[in-house]
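Structures are listed in the sections that come next.
Below, chain A partners chain B and then partners chain C, in two separate complexes.
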Partner chain A sequence: MASSFAVKRLQRELIKLQAQTPPGITLISANDFSEWHLDIRVLDDTNPLYTNQTYRLRFTFSATYPIEPPEVVFLTRAPNGADPPVLNDYPVPMHPHVYSNGIICLDLLDKQAWSPVHNVESVCISLQSMLTGNRKNERPPNDADFVRSNMRRPRDISFLFHDEKV
Partner chain B sequence: MSLYQAEQLKEHGNAHFKRGEYDEAIARYSQAIQQNSNNPLLYTNRANARLKMKLWEDAMDDCMRSISLMAENMKAFYFLGQAQLELHHPNEALSSALMAYDLCSKSSHQTSSAFAITGFVLKCKKAKWDLREKDRVRRRHDLLGELESKLEEDKKREISSIEERKVTGELGSVAASEETEATTETTQQKIEELRNSFAISDPNHLEKREVPEYLVDDISFEIMHDPVVTRHGHSYERATIVEHLKRNPVDPLTREPLSVSDLRPNLALRKACDEFWNNNSGWAFDW
Partner chain C sequence: MESEDDFNSARSTDDEMMDDVESGYSDDDFDDLEIGEEEGFDAHDKITATQKQSYEVEFKVWTPKDIDEAQLRLINEVKDVLGQSPEATAILLRYSRWNREKLIEQYMDNQAAVLEGAGLGESNSTEARVQTLTGFTCDICCDDTSPMTTFAIKCGHRFCIDCYKTYVNAKVTDEAEAARIKCPADQCNRIVDNKSMELLVPDNLTDRYHELLVRTYVDDLENLKWCPAPNCEFAIQCKVKAKELKKVVPTVHCDCGHDFCFGCAYNDHLPAPCDLVKKWVKKCEDDSETANWISANTKECPKCASTIEKNGGCNHMTCRKCKHEFCWMCMGVWSEHGTSWYNCNRFEEKSGTEARDAQAKSRQSLERYLHYYNRYANHEQSAKLDKDIYVKTEKKMTQLQNHAQLSWIEVQFLDSASKALQRCRQTLKWTYAFAFYLERNNLTEIFEDNQKDLEMAVENLSELFEKPTDQLEKMKVEMMDKTAYCNKRRIILLNDTADNLRKSRHAFWSNDLGA
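What follows is the complex of A and B.
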């Protein structure tokens, strides 16, 4: 649920996104001002990890956006996908900061590091560049445990940003 | 005795007003004024009820009378402005509104009205701009002016036929006022549509409908009113940057520590924003 402050700002963002998006970023759906879906692709063909893959992002906005960050995850299943899913409807990119359930550990999405001058487009670009710069075909070290045990919303998790190398 | 009666009648009037029985309220206030013609509040209360009944001229009379009894009369100026705006005198309405705003900001116990009056000031500015814009567009497009008057004439004809049907009893008063409102709205939409079409065909006009990036606050994405500048020279709308700093006292761009006391008004940019509002408030209001 977004406040009128958030709604106004999201309206402006939507007008811009509908007019033009940067290369490799596509607006899929924005039916309301609480949840948007966007697709991103990695444009660097020399990086074999992400060639010919499209990843779907889900942005969830609170009433305090953009003072507080949106919640951003890689979607694994289409909203009306098969239940239970045999395979993931959407791939989740391989990255040491991306869990296989789509949860992303990126400092700018954390409450402390978020800045209200970021927006949906700049978050997409940051995620693109986070993937582009990665050559490790790895999940985070505690991926299996985390995916099995995590019941929290991404916004309630405080990640430790200890590994600045990737 | 008559002062007491006047006070009683006023209370009765207020009770009627609260229940939405405006004609009853007006009758009580009028009786109260017969008992005591020197109480400015009786006139402002009756003006408010008359506004509800769309008796614009009568409401204006009451406001003038109230102001003559008490010059520093925020409510009377506020009601006066509303009646003037309805009677299509946006310039007069704006000066009344500014008078009310001034009195309101000076007074300590009436601050709750400040928000409503600020909104009303903007509305008057928009009406004033609309009037000027209409003149300008008409000068440039005689055809458009002609079409607009035709639409207005049609509207008047439509409304008088509704009035006739109301008099003959063919239409109930509720149905009649609903139809009148619908007709007014349809006409307004048609005129809007017509003006848009003309504006689109005018390349000079289109260029002006852009908001320069430097007038837009990077947090709310709105045109600024009261820009403040950070140590690094970046400007934000005061209200939004303060909201951010309450939660996280760092510069949004550099992430260096930043507090409200570090902010300075950006007077030159504020002038640029004011100028933009003055020249474009008609459409920038809804941007």
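What follows is the complex of A and C.
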């Protein structure tokens, strides 16, 4: 999947992540250079929304990574899991920019705002801080419709980053 | 070569045109200029070629070379005013969306802010672009090979040159960006300048890059638009503004042969104004007509309001859902019918009157729509067939040349006839959309007469056109006459509607019921 360019970069990122990850971030699996799984936790205990919760992220890399952003979603169930699959093996954090199917609306992950100097670690840290700063126990306004009708992949959705404050 | 002449004569008026681009137009020179292109190649249209008709608008076709030169000229003018290099001036102009006055004014007001905004700020280091460094780690590929060739623009965010190239390459190919590519560093708004781009863009992409740069010029100017025909590289300049579109239908003719509306880029839709076209097209595509069909062909159960289509059988209806029994004819309760089964004579009963009224109204509006739609669709279909006719015409022309020993120039009347047919059908088609929205007043009758005359002229010519090849030669004069007549009728109709539109003498239904 990934090009040699992307592979070279991901190799280096992986060596770094295997040696050490920032607090609250755990590398779960990186079996190849197209899909990695990481867990994140919110470290701020004063935020009741995310206490004692661990969220699983799936990074999918294209051949153009890191020129183009990776696709990042919160996983809702384990891949190749139970059959029939159990809904919500993993929790999806409550946040006005996170849909209940795990799709994240964050400008950093959009082509326009993405910079190739970002990496897996910095995206995890950004998501951590996005959650930490949030006190609203709510989903995006059109969550129900979006989750029901969305058949597209996150990269093909043009999000409107209407609210920069959250 | 004819096109060469056109080009040269167009060049001589370039300076005027440039002024127009920059400073807007005055209405005075609108009428002075004449138009020859529209009918210029058509021998039978000579009568109309000399003067501008009132439905025609002033426009000019720009070749890619014209666009390039106009940009260069503007850059050269502005660079002296601003005291900047041509590269920097180009960036500034693209930043200000090619608005010279606005740029100069803002630049004089607050030079630093404009430079910063355009990504040319002086705040950071100005070290050389390419440097070979030891002990450097590229933040994109995380490579730290020593020594490494690196690259940075003025902001000083340095990356290895391969990553920089890959980044720029991806922006140009995948995102079609050229003039506003930012430094790859996070949150850095510095724009990669022209000179750096020339260095970074690989040879196989330079053409694409320059094309994209040129595009910003046309994209940013309100009075320039790309010809929407596939693979056409020309742009059209026309001064009709968006707010005038209710009164003018600015149809332009590109040198590639494509006729389109400058206002909405839709195919030639004379005489209907853009907003009617948009409404009409939507109406025809919309499934609002499905709803219309439903209301004309179905009734609702008087009790549970389920929609029911009666597709045969007697008037005694039993609703499948609520088991309510009623009469299809009068919508009244079935039990009240007594013994007069299968023959409802209760028409005057109040219980069904209201339902029937609603039905009648909907049916009437549907029929009115269908009247116009069928005629519109018919001409659209015929216009499509015109494409086949055109191919046949060419064949006929060759046949005639062999068969009757006619020269190429002597068979051109067939080509003219075919073109006239296509053009007139296109116009006729839109007259029906126009008429659908047209509110009835004194002028409607004149419009309808014009429409009828054109339609008859077109059908007469069309009939002639389908005659077998061996008869065509004898009908040459008749055909030429009828072609000229068609063109004349079209111009009369278009001039009439254009005049009335300009003077707001036509009124249109605001809803599409036409009642």
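By definition in this document, the second predicted complex is superposed on the first by the 161 of 166 C-alpha atoms of A that agree within 3 Å, B and C clash if a C-alpha of one lies under 4 Å from a C-alpha of the other, contacts with A are read in each partner's own complex, and residues count from 1 in each chain.
Simple rule for what comes next: contacts are C-beta pairs under 8 Å (C-beta built on N, C-alpha and C of every residue); 3 or more make two chains touch, one makes a residue touch a chain.
Just so you know, these numbers come straight off a predicted model, no measurement behind them.
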{"item": "Clash or fit, chain B versus chain C on superposed chain A", "value": "clash"}
{"item": "A:Pro141 touches, of chain B and chain C: first, second, both or neither?", "value": "neither"}
{"item": "A:Gly133 touches, of chain B and chain C: first, second, both or neither?", "value": "neither"}
{"item": "Partner chain(s) touched by A:Pro22 [first = chain B, second = chain C, both, neither]", "value": "neither"}
{"item": "Contacts of A:Ser115 with chain B and chain C, given as first, second, both or neither", "value": "both"}
{"item": "Steric overlap of chain C with chain B in the superposed model, located at which of 78-86, 132-140, 348-356 or 402-410", "value": "132-140"}
{"item": "Chain A positions touched by chain B in one structure and by chain C in the second", "value": "5, 8-9, 12-13, 66-68, 111, 115-117"}
{"item": "Contact set on chain B toward chain A in their complex", "value": "218-222, 240, 243-244, 247-248, 250, 252-253, 255"}
{"item": "Footprint of chain A on chain C - complex, ascending", "value": "139-143, 163, 166-167, 170, 174-175, 184-188"}
{"item": "Partner chain B, residues of chain A touching it in the complex", "value": "5, 8-9, 12-13, 66-68, 111-117"}
{"item": "Complex interface listing, chain A residues touching chain C", "value": "5, 8-9, 12-13, 64, 66-68, 111, 115-118"}
